[in-house]
Amino acid sequence: MSVWEKIEELEKQIDKFKSLSVEEHIEVDEVIVILKEKINDLHKNLTSWDRTRMARHIDRPKFLDYVPKLFNYFQEIGGDRKFKNDNAIICGLASLDKRKVVVIGQEKGKDTSDKIYRNFGMSHPEGYWKTIRVMKLAEKFGLPLLLFVDTPGAYPGIGAEERGQLVAIAENLYELSGIRIPIIVTILGEGGSGGALALGVGDRLLMMENAIYSVISPEGCAAILWRDASKAEQAANALKISAFDLKEFGIIHEIIQEPGGGAHKDFNAAADKLKKSIKNSLNKLVKVPIDELLDQRYNMLRKFGVFKEK
Amino acid sequence: MTAWLKKSILKKKEPDNQWIKCPDCAEILYKNLLIDNINVCTRCGHHFRLSPDGWLGYLVNRGTFKEINENIQSVDPLDFSDAKERYVDKLNRSMKKTGMKSAIITGVGKIGKQKACLGIMNFAFLGGSMGSVLGEKVARLFEHAIELSLPVILISASGGARMHEGIYSLLQMAKTSAAIRKHSEAGQLYISIMTDPTTGGVSASFSALGDIMIGEPGALIGFAGPRVIEQTIKQKLPPKFQTAEFLYDHGMLDMIVNRKELKSILIELLTFFG
Amino acid sequence: MTAWLKKSILKKKEPDNQWIKCPDCAEILYKNLLIDNINVCTRCGHHFRLSPDGWLGYLVNRGTFKEINENIQSVDPLDFSDAKERYVDKLNRSMKKTGMKSAIITGVGKIGKQKACLGIMNFAFLGGSMGSVLGEKVARLFEHAIELSLPVILISASGGARMHEGIYSLLQMAKTSAAIRKHSEAGQLYISIMTDPTTGGVSASFSALGDIMIGEPGALIGFAGPRVIEQTIKQKLPPKFQTAEFLYDHGMLDMIVNRKELKSILIELLTFFG
Amino acid sequence: MSVWEKIEELEKQIDKFKSLSVEEHIEVDEVIVILKEKINDLHKNLTSWDRTRMARHIDRPKFLDYVPKLFNYFQEIGGDRKFKNDNAIICGLASLDKRKVVVIGQEKGKDTSDKIYRNFGMSHPEGYWKTIRVMKLAEKFGLPLLLFVDTPGAYPGIGAEERGQLVAIAENLYELSGIRIPIIVTILGEGGSGGALALGVGDRLLMMENAIYSVISPEGCAAILWRDASKAEQAANALKISAFDLKEFGIIHEIIQEPGGGAHKDFNAAADKLKKSIKNSLNKLVKVPIDELLDQRYNMLRKFGVFKEK
């Protein structure tokens, strides 16, 4: 039985005890507490592949779910001013309690028609041009930028290539590396490849406990290196794409703890934790003089990588 | 003399009686003549891939090239193995095969009367994939160019990310882009030359950020690989899709330059901006 | 009280027994009720054009609006006559008809708790065409906003250039764009609201340069007029072409806002950026 | 007989005398000189409509004809980096004798297939995005910008509207008004409407003697105000669109004199004059501190317009 299956089994048990408690008036609260702790423990042992399944879970909260939980004001603003309003990326003006921020998030969509409308969170170049337009608006007004990542990757299609997916992503990296406002990146679910990285450059990188962040999808990696897409589990684990892996690598700053079973099991709790972390980070970042912040950002980016010399 | 230079000289001593068939016009080409013609088909002009030593021999004034950061080497941060072998073994094989320590050579040399920082990728080294070393050498190249107030010319050839290094590989896109911004803010020129193939993470980071972007004729250039796109959209791709010519038409390149004219174009550009 | 305000009050005293047919739903609307509903069809939500006094009455806190530059008036620099009449005569007719001296009212007022510079165009004045006066008043509005460190809200409605002023008309596009840049460099907010119709020179200058661009539902917005396009391409235009909705889909607008919600959206935006 | 027809008649006479001179060895040089002077005099009396015909003359030199005459080095650079390389606008790096400049010019094309390739000099939004991309390149390297105008107008088509012709033109005006390099605009032929103005903002405005610059095409104006497109002649004259009109209005700085009969009659002479004027202007502009230049540019733009106050 995999860790994942064990957790599912324990969750079933909890449900059983809960109904016992309600229907038969048997007091089993203590048992439930113990089982939940057990689940939390097991969670720490989830593999990268388990996390991948969690990150893609059908019930997992999406960016638009977080919006009302995090912000008391949110006004979407649209458009790249050039070609199309890409619905896979949502931009907005927002208030995080009293602090004004600009928000850019990737949205995968909820039901089937919404998923299609959002192109499953896979942006075309116009999505990335929109983010550049909006981040410059944020820069003009000195507003901190909050980026939320949740995408299988940039869309691989004819139109996307025609309109220069490569330039659009590169320009995002270029702009974010030097834009003169504080940036906080949160990886909510799937951090897929260059399409995620395009919104992944900032001063502080947060990652939900069950999110993943990878150079290539496990399936893609398996197809190439195992010559068998069904070897995604091996690939995922070999790629080390969990939040705990990335924390160990020193790449992300903070893991946002999720409730046992994932953010969707107690979304309010997950969103609260995220909000608290973003606020803490923001409070620190806004105090840093902007030139110093840019130096820190550059140094952080510069240090990414492991190699030997001589 | 660096290892790869020795190796390249050794290569020249290999038996000469080798023939290559041109994939475009099917002409059978005598290998040495092809090398003399900087790997351009003498019949139809097809551009074969050119190795870093080929590029250096063609572009850079003899004896002026000084390699930098030649001793940076890959490690295996994930302890990665795929179905067949360990990443470290794969690395060792590639190093032996190519005589290089990474997929790029960086340094300073003279082209015509102009000094420039140069980066030349080697597709033969694990498909020119970008890992920590490639990213580090590119970033250092631009930082070196800032220090010396020099332009950068970077010749790309890459199949994408070095998956074996996982997230480190992806992050090189951000690292190199940030270094290019510093170089640009210092007012320096960056010419990006995209050769066959330039795809994936390399294409969507430093390759796409040139002040001037040049493509080689017929080169495959794109972000997503053609096969991935075909699988996604479930239809055949149009002819010429993701060629340099396609990118030029769509406004992504400043020009497409035949390899034979590239040197003089570069000299003119370096002089113009110099 | 300015001339146009007097006029607008006079208008209200016109006989009330007037009815208007909605072009979208064909409902026969009682004119006074329509005015009470800020010229939005009570049945289908069709947005009728709204006069500057209608806009001011709706958006600006009572008694807070101070008009500026109300005495700038058009002259006839080309001594222009068309087939029917002299430009000066046309101007005089329009001034009499509208009670305004130009196609725009500019000033400073309060919206909610926020002070803002306001420009409101009047399509009834020679089709909201842009001549020297419109350009000058827009430029001065932005300069005034720089002096007072205030945001600008500009409501456009224009059929294009004031041809009768020839090249002067065209150059207002450059003049207003330059003033907006100064205002933007001063760090101030500019909200552009495009109402039916916003086309030609106005659409391709100050209207298109908002930090935030808002379209009214169903408004015709575009650079080239639909008839010119049809004549050029010799085919019918697709439905919804050049509507606000079309522009939003194509990434040109931040949002489409129903007139009834516009005031609260504006207050929120002014508060957010304030 | 219109002025235009008189000139054509005199030109025929000159040709006759020239052949007399060659074939019959009759010395008539003095007569030819007098006739040419006559033509030059008549030229000053050409109406706006006559100028329109000259500006659109089939033999009139186009931007690409001027390039080798003006520049000893010219390297075209392409692309908006977003959608398409618009062939109606050509950008290049160039040397004007020893001075490095960046050049952007509208090109109508020569023969039929070239005209189609160039879309008759009518840009789509991507052409204007290309100019912004290239002018920022010029700004980065502190290179003066030379703009050459020759277009019936921006292209009125479905794709052009879809891709935001209005935003593209407005952004050009916005950028040019504040870009920190000297700009010289030359109107070579047709300066048609917003499509021309988008490349018409600079520190110094030159205009070829037989060029026109108008808010709307004479035909368009006639169609609207005369309700009859064939009244283009009346409209052209009413609109006052000749170089002499614009000089009188104080809108352009300098008229570049053309040979009698138009630039195509002695293109070398016309190009020489233009080159000299551009060089003179450039020599003055590069000496002005950039902030002062920007103030001057703004003041110039601000003064465009005639009105009364009070």
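Going by the order they are written in, the chains are A, B, C and D; count residues from 1 in each one.
The working rule: contacts are C-beta pairs under 8 Å (C-beta built on N, C-alpha and C of every residue); 3 or more make two chains touch, one makes a residue touch a chain.
This is a predicted model, so every value here is computed, not measured.
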Checklist entry - Listed by label, which chains are in contact with chain B and with chain C? => result A, D
Checklist entry - Which chain has its C-alpha centroid at the greatest distance from the C-alpha centroid of chain B? => result C
Item to check | Distance from chain D to chain B - Cα centre to Cα centre, in angstrom | outcome: 42
Item to check | Chain centre separation in whole Å, for chain D relative to chain C (CA means) | outcome: 32
Item to check | Separation of chain A from chain D, taking each centre as the mean of its C-alpha atoms, in whole Å | outcome: 53
Item to check | Set of chain A residues in contact with two or more other chains | outcome: 81-83, 129, 162-164, 167, 171
Checklist entry - On chain C, where are the residues touching two or more other chains? => result 250-252
Next on the checklist: Show me, using the given definition of touch, all chain pairs that touch one another.
Outcome noted: A-B, A-C, A-D, B-D, C-D
Item to check | List of chain B residues in touch with chain A within their complex | outcome: 69, 71-75, 77-78, 80-83, 131-133, 135-136, 139, 161, 163-175, 177-182, 185, 200-201, 203-209, 221-225, 228-229, 232-233, 237-238, 241-242, 246-247, 250-252
Next on the checklist: Help me check something: in the complex, which residues belonging to chain D touch chain B?
Outcome noted: 73, 75-86, 93, 95, 100, 126, 129-130, 137, 140-141
Checklist outcome for this item: Note: in the complex, chain A contacts chain D through residues 81-83, 125, 129, 162-164, 167-168, 171
Item to check | Touching residues on chain C, where the partner in the complex is chain A | outcome: 184, 187, 189, 211-213, 248-255, 265, 268-269, 272-273
Checklist entry - Which part of chain D faces chain C closely enough to touch in the complex? => result 154-158, 160-167, 169-171, 173-174, 176-178, 193-194, 197, 200-201, 213-216, 220-221, 224-228, 231, 234-235, 238-241, 245-246, 249, 251, 297-298, 301-302, 304-310
